[in-house]
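You will see chain A twice below: alongside chain B first, and alongside chain C after that.
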Partner chain A sequence: MRWNRLKADLAIIGAEIRKTAKIWFAYKILMFFWAIFPLIWVIPYLFQGKALVGGMSSAPFAQLTGTENYMAFVLIGAMVSTYIFSGLWGVGNSLREETYWGTLEYIIASPTSLLVVLIGKTLAEFLYATVMVIFQATLATFFFGIDITFGKIFPLMMIIVLLVIGFYGFAIAFAGFTLLIKEVHGWVHTLEWVFFLFSPIRYPVEVNAITKLVSAFVPLTYALVAIRAIILLNKSVINLWQILLILGVMDIILIAGGYILFNRLEYRTKKAGTISQY
Partner chain B sequence: MYKKINHYLRAIWAENIKEWKIELTYKADFVRGMIDPLVYVLPYLLYGIALVGGRTSESLEKLTGTGDLITFVTLGYIFIGFLNMALWAMGFSLRKEQYWGTLESVFAAPVPRWVYALGMAAHSTMHQGLMISLQLIVISIVFKLSVNMGGIVPSLGVVGVMLIALYGLGMMIASLTLIFKQGWLISEALSSLIMIITPIAYPLAVLPVFMQKAAMALPTTYGILTVRHFLIGEKMGFSVGTSFLRLAILCVLWVVFGLIVFAFIDKRTRRSGTLAHY
Partner chain C sequence: MNIVLDNVVKKFKRGKGLRKHYITACDHVSFTIEQGELFGLLGPNGAGKTTLVRCIATLLIPDEGKITIFGKDIIYQSMEARQQIGLLTSGERTLYWKLTGKDNLKFFAALYGLAGKERDKRIDYLMELLDLKDVESERVEKYSSGMKQKISLARALLHDPKILLLDEPTLGLDPQFSRFIRGFIKDELVGKGGKTVLLTTHYMDEADELCERIAFINKGKIVNIKSPAEYKDEIPHTEVLELRCQGNVNEEKLRTALSSIKSVEKVSLINKENDLALKVIASRVESILSDVIELVRGEAKILAIDVKEPTLEDVFIYLTGTSLKEDTREEQPDALE
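On to the complex of A and B.
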């Protein structure tokens, strides 16, 4: 019985991944856009750096980050943030999208848990973001000289998995929130700027006491510090065990919190009878 | 003639009021929209401080004649608001009417289409003006911006001329959404590329030559350079008179181009019967 249930859930997850992939392939131009534009968005930061320091390295920047190479710093931030923003839009906003397509009621009426569907969406989003990041990393290696050797790929993937487990827990809770309040475009944008301001995507947060303090509560901060340490400072993953431990603890909190919150919000929306409202 | 102008002006004002009413219905979103540009500029400023270890850059001073990166970047950044006005607020105006199901009613009204577009422009200009004022006040208090007060009036003159050219760009984008429907990709791609070649956080000199030439076709380039020249003494590489003359030429070119594209697409979509397509 338990085994049959697991098999059925896995089939649903597989079906959700296939459905999401079909939608992506229907909009090929969007795939191109998300593969290229996260790198294009950091180009102004490269020109700004060149104007402010007159070259491609900065000693004050090295005091804060350990590397003078500000270009590599922002490029890595852009690549890793792809996971965050695809999670926010792709998972957090996914149930809202089902209401746009008019398919949410069918999913709810099917004999499966919404959470299983969301896990399918989460895995699909992870695969999509990984393909995008591999493409971006290839471009960054060839055109910007970022050194990502094969030996670094396993530790990097390990940190990314630790980052996304917790973050997708948060995104699942956010998806529950969309069931309740419906239109969340504004909230997603607000979360976007929270991540841009309070995590070292674009700049070292240590430069300001407030951003340094707040960013300590954001898992992305630890993931970016560890990823940059491996790529730019050639640190071994063993030296970064404290960061991995913090990420692991944050994952447990976020996954458990996300699960509880989602169930509560789903129950509350169903009880209020507003699930099919637009 | 006077009656006709009065009739058009009333339609423009009605469109402006309608937009405000819709916007102020969603108060939380309105407040978030006011804070957004303020938060988006902070990573640029903090990144600059991290690069040079303070707010003064010798390299920037050599390139532009002013070393205060905070004032330099903030003054450049406010022009993103004007770009957003053309690319998003005006550019998306017709698409929004489609969402609301009112596009056909608006197009059936006894006024030319450009009157409707000007109504949107009036609302966007006021909205952006409000956002930019708030942004300037807060940044001035936090970072103590120092500008030449005598330059404020001529700066407003430059911005006024620049806005006319941007209205032309906005009309062109608005009409493109009639063909492409989901036109956000066009706005996003265009705004990303324009953001690179516009000297927002850096002077033109750091851009490759082909980008410098492309920047010369954009009204925002002259707007930013001339305003910073008046307020903080940035070296422009050409005189104020030349800047005004080129801006005036760009005004004529962009407005004529925008009107022609708008009229052409409007006629084409009505002839092909796709105006009401979603």
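On to the complex of A and C.
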């Protein structure tokens, strides 16, 4: 019985991924945009680096981060944050899209947990974001001297998976929130700026005591520290076991919290009678 | 009994702060629907029909009362209850327009646990039955409104449910598609399929033609439940006076004046941009004709006068004082901001 349910849930997740992909491919102009976007996204960072430090590296910067390579530091932050935010945006917005299409009620009226459909949407976003980040990482390797050798791929994947699991727990709660409040843009942008401020995406959080303190509660901080340590400082994943442990614990908290919060918010939306409102 | 509603209450919040108040969309609603029955919910816009359907379909959680589907509580055994239900609502935007009709059905089939050959066979059968085979590989955005509604109907039937909830299924469709959908409900779903159907509509002809029993609903309350024939027997008059007029009238004043005429029992008045539709139910239409004309002439220009046999709508007016064409829309909640 349980195996049959699992099989059915996997089939639903597969159907959701196929459906999402087909809808993406239907918007050809968007495909074109996303194909060229990774080629231009790095340019502002390049100019910013040149303006600030006059090139690709900075000695004072090394005192805070352990690496002189400012450009590599920022590019890694940009890649990981793009990866996370595109997922957050995608998952958060996915139920809003279903409401807009008028299909959400039919999904909820089916004998399937909305959470299973949301997991399908999450995986679809994850696959899409992965393709984008691979493209960006390839560019960064060729043009900015970021050293991602074959041996670093597995440790990096381990950290990214740990980061993504926690973040999608957060995104699922966020999707429940958007189901209730019917708004995504403002909240995603607010969250983006909170993360930009309190995690080392563009700068080392050590520059300020408050950012340093708050960043300790943000999983992105640990993931970025570990990813940079592997790529820029050639550290082994064994040296980073504490970070992996922290990320693992945060994942459990975020997934459990996301699940509980989503179910409560779904119940509240059904009670308020606003499920079909856009 | 397939569907049982026991004292169902649903309230929606309106306004904020000091202006916050609750409106009752469903007010202690109770009825049962038997197996294989085509049961109608008839009432004007905003009467609470859609709220009730949403509650039964588990899209809304009632504030009070209990709903069961084949004995399964829709709150605590919602998955089992949903497996028995097929849902069809009005409106074009209920499908993925960028997907083909077939891809839409494949996605929803997965939600009902259908896969592989079983799914393909079922989709082929439904496409054939609803005459959609030729367009199954075209994107839904290219379909006409009627074709979209047919695909939605196919979706409702994918898992061969025992119960169908049809919420205004012909709203906005042209007469040809409306006729097809009505025929399909009567002949295929109930006739051959033996399905239990809950149909909501504000088209009296539709309810009259299709339903075995009809619940009149007004302002969230069930007014009465009877067969169409029983309803018509209930009205003790054989004639209804109808007038079509034009002019800027004081509705309340005219309604009061008409109601004060001796032997007038009910007055229905619908004013849309100075186009006035007036119905007067009286024990003897002949005797009130001159008085009515005189009163209306003083307020508006009379375009047409007709004396007709009472319809279900007239019975509705007789029982509730409200026309089915009126918009009493109050049942939508405020969105959270």
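Simple rule for what comes next: the second predicted complex is superposed on the first by the 262 of 278 C-alpha atoms of A that agree within 3 Å, B and C clash if a C-alpha of one lies under 4 Å from a C-alpha of the other, contacts with A are read in each partner's own complex, and residues count from 1 in each chain.
One rule holds for everything that comes next: contacts are C-beta pairs under 8 Å (C-beta built on N, C-alpha and C of every residue); 3 or more make two chains touch, one makes a residue touch a chain.
Source: prediction; values computed, not measured.
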Chain B versus chain C as contact partner of A:I153, first or second or both or neither: neither
Which superposed partner A:Y106 touches (first chain B, second chain C, both, neither): second
Touching partner for A:G14 - first (chain B), second (chain C), both, neither: second
Contacts of A:A26 with chain B and chain C, given as first, second, both or neither: second
First, second, both or neither for A:I260, with chain B first and chain C second: neither
Chain B versus chain C as contact partner of A:K50, first or second or both or neither: first
Which of chain B and chain C A:F61 touches, first, second, both or neither: first
Common interface positions of chain A, toward chain B and toward chain C: none
Chain A to chain B touching residues, read off their complex: 29-30, 33, 37, 40-41, 43-45, 47-54, 58-61, 63-65, 70, 74, 186, 189-190, 193, 196-197, 201-204, 207-208, 211
Touching residues on chain B, where the partner in the complex is chain A: 26, 28-29, 32-33, 36, 39-40, 42-44, 46-54, 57-60, 62-63, 69, 73, 185, 188-189, 192-193, 195-196, 200-203, 205-207
Chain A partner contacts - residues on chain C that touch it in the complex: 10, 12-13, 25, 51, 54, 57-61, 63, 79-80, 82-83, 85, 87, 89, 91, 93-99, 103, 106-108, 110-113, 115, 139, 155, 332-333, 335-337
Residue numbers on chain A that touch chain C, as the complex places them: 8, 11-12, 14-16, 18-19, 22-23, 26-27, 101-103, 105-112, 117, 180-183, 267, 270-277
